[in-house]
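Shared between the two complexes below is chain A, which has chain B as its partner in the first and chain C in the second.
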Partner chain A sequence: MTIEKSQILNWLNSCADIFAKERDYLTQLDADIGDADHGINMNRGFERVKDKITTIEDQDIGTIFKTTGMTLLSSVGGASGPLYGTFFIRAAAAGNGKQSIDLNDLCQIFSDGVDGVVARGKAQPGDKTMCDVWWTVVEALEKSKDEGQDLQQALVAMGEASEKGAAATIEMQAKKGRASYLGERSIGHQDPGATSSMMMVKALRDVVVGQA
Partner chain B sequence: MKKLINNVDDIVKEQLEGMALAHPELKFNDEPRYVWHEPKQKQVALLSGGGSGHEPLHAGFIGDGMLTGACPGEVFTSPTPDQMYECAQKVDAGEGVLFFVKNYTGDVLNFETAVELLHGDDVKVGSIIIDDDVAVKDSLYTAGRRGVAATVLLEKIVGAAAAQGQSLEQCEALARRVNNQARSFGVALQACTVPAAGKPSFVLADNEVEFGVGIHGEPGIERREFTDVKTLVEQVFSELVDCPDYSRTLREWDREKGEWTELETTTERFDLDSEYIVLVNGLGGTPQCELLGVYREFALKCKATGYNIGRQLIGDYCTALNMEGFSITMLKADKELLELWDAAVNTPALRWKC
Partner chain C sequence: MVGIVAVSHSATLAKGLAELVNQMTQGKCSLAVAGGVDDPQNPIGTDAIAVMDAITEVHDESGVLVLMDLGSALLSAEMALELLPEDISASVQLCSAPFVEGVMAAAVAAAAGLPIATVKSEAYGGLQGKQSHLQDCEPATVVDSETKASDEPFLSFDWTVENPHGLHARPAASIVTALASFKATLELAKGERRVSALSLNSIATLGVVKGDEITFIASGEQAQQAIDAFSSLANQHFGEAQLVANPSAQLDAIDNKVEEAIDMHEIAGALRGLAVSDGIAKGPAVFFSVSMPEVPKREFTDAKTEIQRFHTALNSSVDALQQQASASAVDPEHAQIFNAQALMLSDPELVVNVEKGIRSQLIAEQAWLDAGSQLADSYQRAESEYLRERESDVWDITRRVMNQLCGVEKASLELKQPSILLAKDLSPSDTMGLDPEMVIAICLSEGGKTSHSAILAKAMGIPAIVQANDCMNRVKAGQQVIVDGFKGLLWLEPSVSTENELTLARQQWLEKRELELSSALQTATTLDGRAFEVQANIGGLSDVSLALKNGADGVGLLRTEFLFQACSELPSQQYQYEVYRDIAKALEGRSLTIRSLDVGGDKPLASYPMASEENPFLGHRGIRMCLADPELFKTQLRAVLRACAEYSNIQLMIPMIAQVSELLAVKQLIAECRLELKLNEQQAPLKLGIMIEVPAAVLNADELAEHADFFSIGTNDLTQYVMAADRGNPSVSQLVDYQQPAVLKAIELTCKAANQAGIPVSMCGEMAGDSEMVERLLAMGLDKFSASAALIPAVKAKIRTQNLVSVN
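Our next item is the complex of A and B:
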């Protein structure tokens, strides 16, 4: 079983729909420990992605990811713009020339993506950032791969891992970004960037496996 | 929410269109979004930018003797690299481009990306991080001190130097020096309302202030009891003058190698022999009469403790929408800085000797 290009396109469209729906929720999470714009920014960025990908539907998955990254880079703003932008631009390499991807590819794509985010944002595990979700997700995918699970099982495990990763940020004290200025007052709130990352990961699972 | 806004999504665009109508000497490009002017002489181009909502920062400081261009983001949201990239290419007169970046993760990441893109196109580019907010105590467990109102003083002073024909390297060195000699501290009496959110970012009781706020409606370092203006200004004064040396690692662009290098740098100590440029800055929702009252208390306190105020500026220069409150910035100045401060400037929001 593989993830087809049409499913990747559906995934990106689904992210746009989710961020439109969850815009206020993400913004409220950000108001608690940041500057109250994360949902607004993700909504704006993925609306742009949704428009943009209709023009490149016939391209390979790498090109679709690269275009997604460039679009996010120039439309999201804030810290999440360069971070998600870099994520997709780096993730594109493992999708180059491909019309479908398997579990190995997906592992590589997410792992390259998060490496790019770390290179730009310098996050470390436990800093209360989106990386705390992506690392958990990549770890779960690697585990599924080593255990010889099929893609469907791996995606279900990946979705659960993303929820765990996001929930784990609640007890963390922010060391990066706007929330870091709150010191201990950032504890007790789920990180908005980790939450939007979790939503994206779960959207991929839902598009490929169906609603869990 | 009662606001003079047609549509929340158009607030930045309509503001800039209004500004271009009011100041025909400024030029406004909407896609991607930036504002610029053509200096009288060939000089290093000075470019800043950041989220909107801090007006007149930054576009209000474009003009002879200050900024060459600015890239406004959405409200409280960093602009994107395509804005800085195109603006820099527009304003580069061959003498190089210097970015002034307030130390927020979003601004830093977007400007860094723009620097890398411009370097790839052989534009001589430099980048200065401004981190003057002494409310942030450590850099190890946070993203470091924020960039706040010292940005105004830095843009004015380096703007004068660039207009006098100083090189990119000289402007960079001057900007770093100003940044290390400036300290700011802010207090909110009431939070601001981000238009897209539609309600205040936090709520304070009548006897509370948010102590150590930034300029985005984010909570400060602590909530304190408010008694009277004298006590509050004295607390702010202590934060400014008693703060210990602050060392942090700032990233700098190495134009030769085309890579980021990390530079450990420490703030300058304050002393009683120097003169200070003082900015009492309104955060957007504070009446002028209250700001002057704040300045009065501050000037009295400086006098009583032996600090010499050489120049002062009082008003709304680096705001947080309609936040009620103020910040105070002290910049330790020598003869050179005072002369650059006094030099002619002609911008929508700061104008003298022209």
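Our next item is the complex of A and C:
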């Protein structure tokens, strides 16, 4: 089983729909501990992505990711712009020339992307950032691969891992970004960036295996 | 030169910082900013692509220093570095210095030609001057700049600073630049304090002012050479020899605000005034004096006759002003000047005063002159400078009516050769009447910076200075003089070297202007190759040549009101046809968009009395009035159709459309006119478009687009209607801003509807001439721009820097 290019496109479109729907929720999360723009930013970024990918539907997955990354870079506005932008631009390498991807490819794509995000944001585990989701997601994927699970099982496990990763940020104290100004007061809130990452990860699962 | 890039979440902050830098470095710094994101509703944010573009813009082999405000600005800047090709990114450095102080310090160092390492360390030290002044934190950060005396043998040089502003940024930069290359330890001392002479920030912390004694200390291999270099620089007053010799000659930008406080003493060979319009010109002086007609010696008739006599003169003066307003050759904004004067004349209190005078047995002329003088006097005593400067407007209207009362023809100036005009003051109407080919500069002994004449001179591109005291007495008619509109100087006897400098500066100015104008004639094509038309808004045939000279790709708005306002009777079909035809012909094939009559209660017509309305802007105006009087409207439609049969570059545009039925009614009338004239669509292929200025039209844009051949967005009215705020009411004026998100949204909806329907969408309001808005408008999908002639070159230049792939 593989993930087809059409599913990748559906995934990105579905992210756009989710961020439009969850815009106010994400912004509210951000209002609690940040600068109240995360939902607005993600919504704007993926709206542009949605427009943009209609023009490159016939390209390979690598190009689609690269375009997505470049579009997010210049349209998101907040820190998540360079972060998600880097994610997709780095992820593009493993998708180059491909019309479909298997579990190995997916592991490579996500781990390259996450390496890029970590290098850009310089986050440590437990800093209450989107990386806390991405690390658990990549870990889950690697585990599924090593255990010889199929793609469907891997995606389901990945989705669960993302939920755990996001929930774990609630108890963390922020060390990065605007939320770090709050110190201990940041504890008790789920990190907005971690939440949007979780939404993206779950969206991929839902597009490929259907609603869990 | 090291380039500086400033990255901010806020476009406003970035722009403001650039403004400060340009003022500080006199535009010599190679600075680019990347601020905000392209989302009118949530404009705060950073954009890595914009940072990348900014770096590319200022990059050369000296490298680029990037400073950022905070948060995502850092990530976006790092991301930009990663995206740039290696050969560029290798010479780019990111710098954690404080944003505003750091950029300022870096910009001054970069403008002085210092290498990137020095520029960067200057940026880091950007807070030193402030900390040393406020003394609010541990001196540790400041001490770094102070050097400790060592035992090494040294040479020293003492100097008393004569620079009027002390060792401020520019002289300090000249010291650092001159000394940077010596192998030596170089320090500057004032009193007990001793700092590195190679750091601008450190020099700033010394706070050297005029009259201070400083010591330059050098030790090391090239100490002697450094001392020699410093002493020679000191003798040239660190690059400000001219300023030291003539402290008042150079009002630099930093001092502009305090210029009135600085004593205005004289410069050898020149008279000093205030610069109001850039440029330099040399020529023979001519005097222009307009005098008030004398009150005739005649017997008082009777109150009724005198009052009537006064009203006749008053009315024809008001008419003349309104006519001048609508036919204003320079810019519709300037039409407001004449409208304002017309309002002043219609002031009921003024009229009451005159009538009172007449009832006390004064003849009309005397009563009017008394009332006018009294009003001028009250303006002269006003507290605000702005109001005081309106005094000349009062004298101007007083003279207009006096001319009418006494039967004096309007004074006009016939020049036989290009000359420099000297006058006590010029009224707006006098200024408008000047021929820029013959009047090559203006020098006034009075007048103010914000006076209407100054604004008009600027718009007409004539170099001008005002408040050149005594210029009327010190200059003889025919004497060769030079006006320097940059510095506000009238040169009577310049030294040979000054004259050479001025000649050179004039040539540079002319070349720059020539370049701007010649590039204006080129098509405005974006970087990715799409050409956009930038057209002119005009009020009549006389505006066409200026528009074409400024590179107009046709006329996007011909106001037809002037045809109706200029006559006491309604213009005939034949007359209108001839005017439209002549303008279309003069455009040599470029398109001409004629707007049908747009008047209402706010712009009354002498030839067409209209009921006064409580709320004219929401009343019977534009197409509403035209549809109510089909005969009036059809006369215009027939004239346009006839002209179109000869010149197919004509199209028609209907103002104030709010609903589809109005457009259909216009179509019906045009169809009737076609039948009457026997002109079918092939013979007169008149395209029919509408102005989008009523919010209802925005909301109906999809349906309107099905019936219209094009849209043209009138941002002035659209803004005031969307925001429900009167342009003329100062207490709500902040709402009247086309950058309001709601207005931008309305424009976006309009563009979208037009794009979807496949019809062109143009813009003919003030916003179209704002080059700062070009990027945003292109992103929204605007197809054409139409602006005042003077603004066209800048709009075209801006379009040429755009890349649609990136704005979309």
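By our rule, the second predicted complex is superposed on the first by the 212 of 212 C-alpha atoms of A that agree within 3 Å, B and C clash if a C-alpha of one lies under 4 Å from a C-alpha of the other, contacts with A are read in each partner's own complex, and residues count from 1 in each chain.
Just so we're on the same page, a residue touches a chain if its C-beta (ideal position, glycine included) is under 8 Å from a C-beta of that chain, and two chains touch if they have at least 3 such contacts.
It should be emphasised that the depicted structure is a prediction, and the values quoted were computed from it without experimental measurement.
Superimposing the complexes on chain A yields a three-chain arrangement in which chain B and chain C clash.
Contacts of A:R120 after superposition: both chain B and chain C are touched. Contacts of A:A79 after superposition: both chain B and chain C are touched.
Looking at the shared chain after the overlay, A:L182 reaches chain B, while chain C stays out of its contact range. In the overlay built on the shared chain, the residue A:A36 is in contact with chain B alone; chain C does not reach it.
In the superposition on chain A, contact is made by A:T27 with chain B only, not with chain C. After superposition on the shared chain, chain A has more residues touched by B, the comparison being chain B against chain C. Taking the listed stretches 147-155, 201-209 or 399-407 of chain C in turn, the superposition on chain A shows a clash with chain B for 201-209 alone. In the superposition on the C-alpha atoms of chain A, the part of chain A touched by chain B in one complex and by chain C in the other spans residues 37, 40-41, 44, 73-83, 85, 120-121, 177-178. Every residue of chain B that touches chain A in the complex is listed here, in rising order: 32, 51, 73-82, 104-106, 109-110, 112-113, 135-136, 141-143, 146, 194, 196-197, 201, 214, 216-219, 221.
Listed in rising order, the residues of chain A touching chain C in the complex are 37, 40-41, 44, 70, 73-83, 85-86, 120-121, 177-178. The part of chain C that touches chain A in the complex is made up of residues 37-39, 42, 44-50, 71-72, 75-76, 78-79, 82, 806. Chain contact summary for the complex, chain A toward chain B: residues 27, 31, 34-37, 40-41, 44, 73-83, 85, 120-121, 173, 175-178, 180-183, 185.
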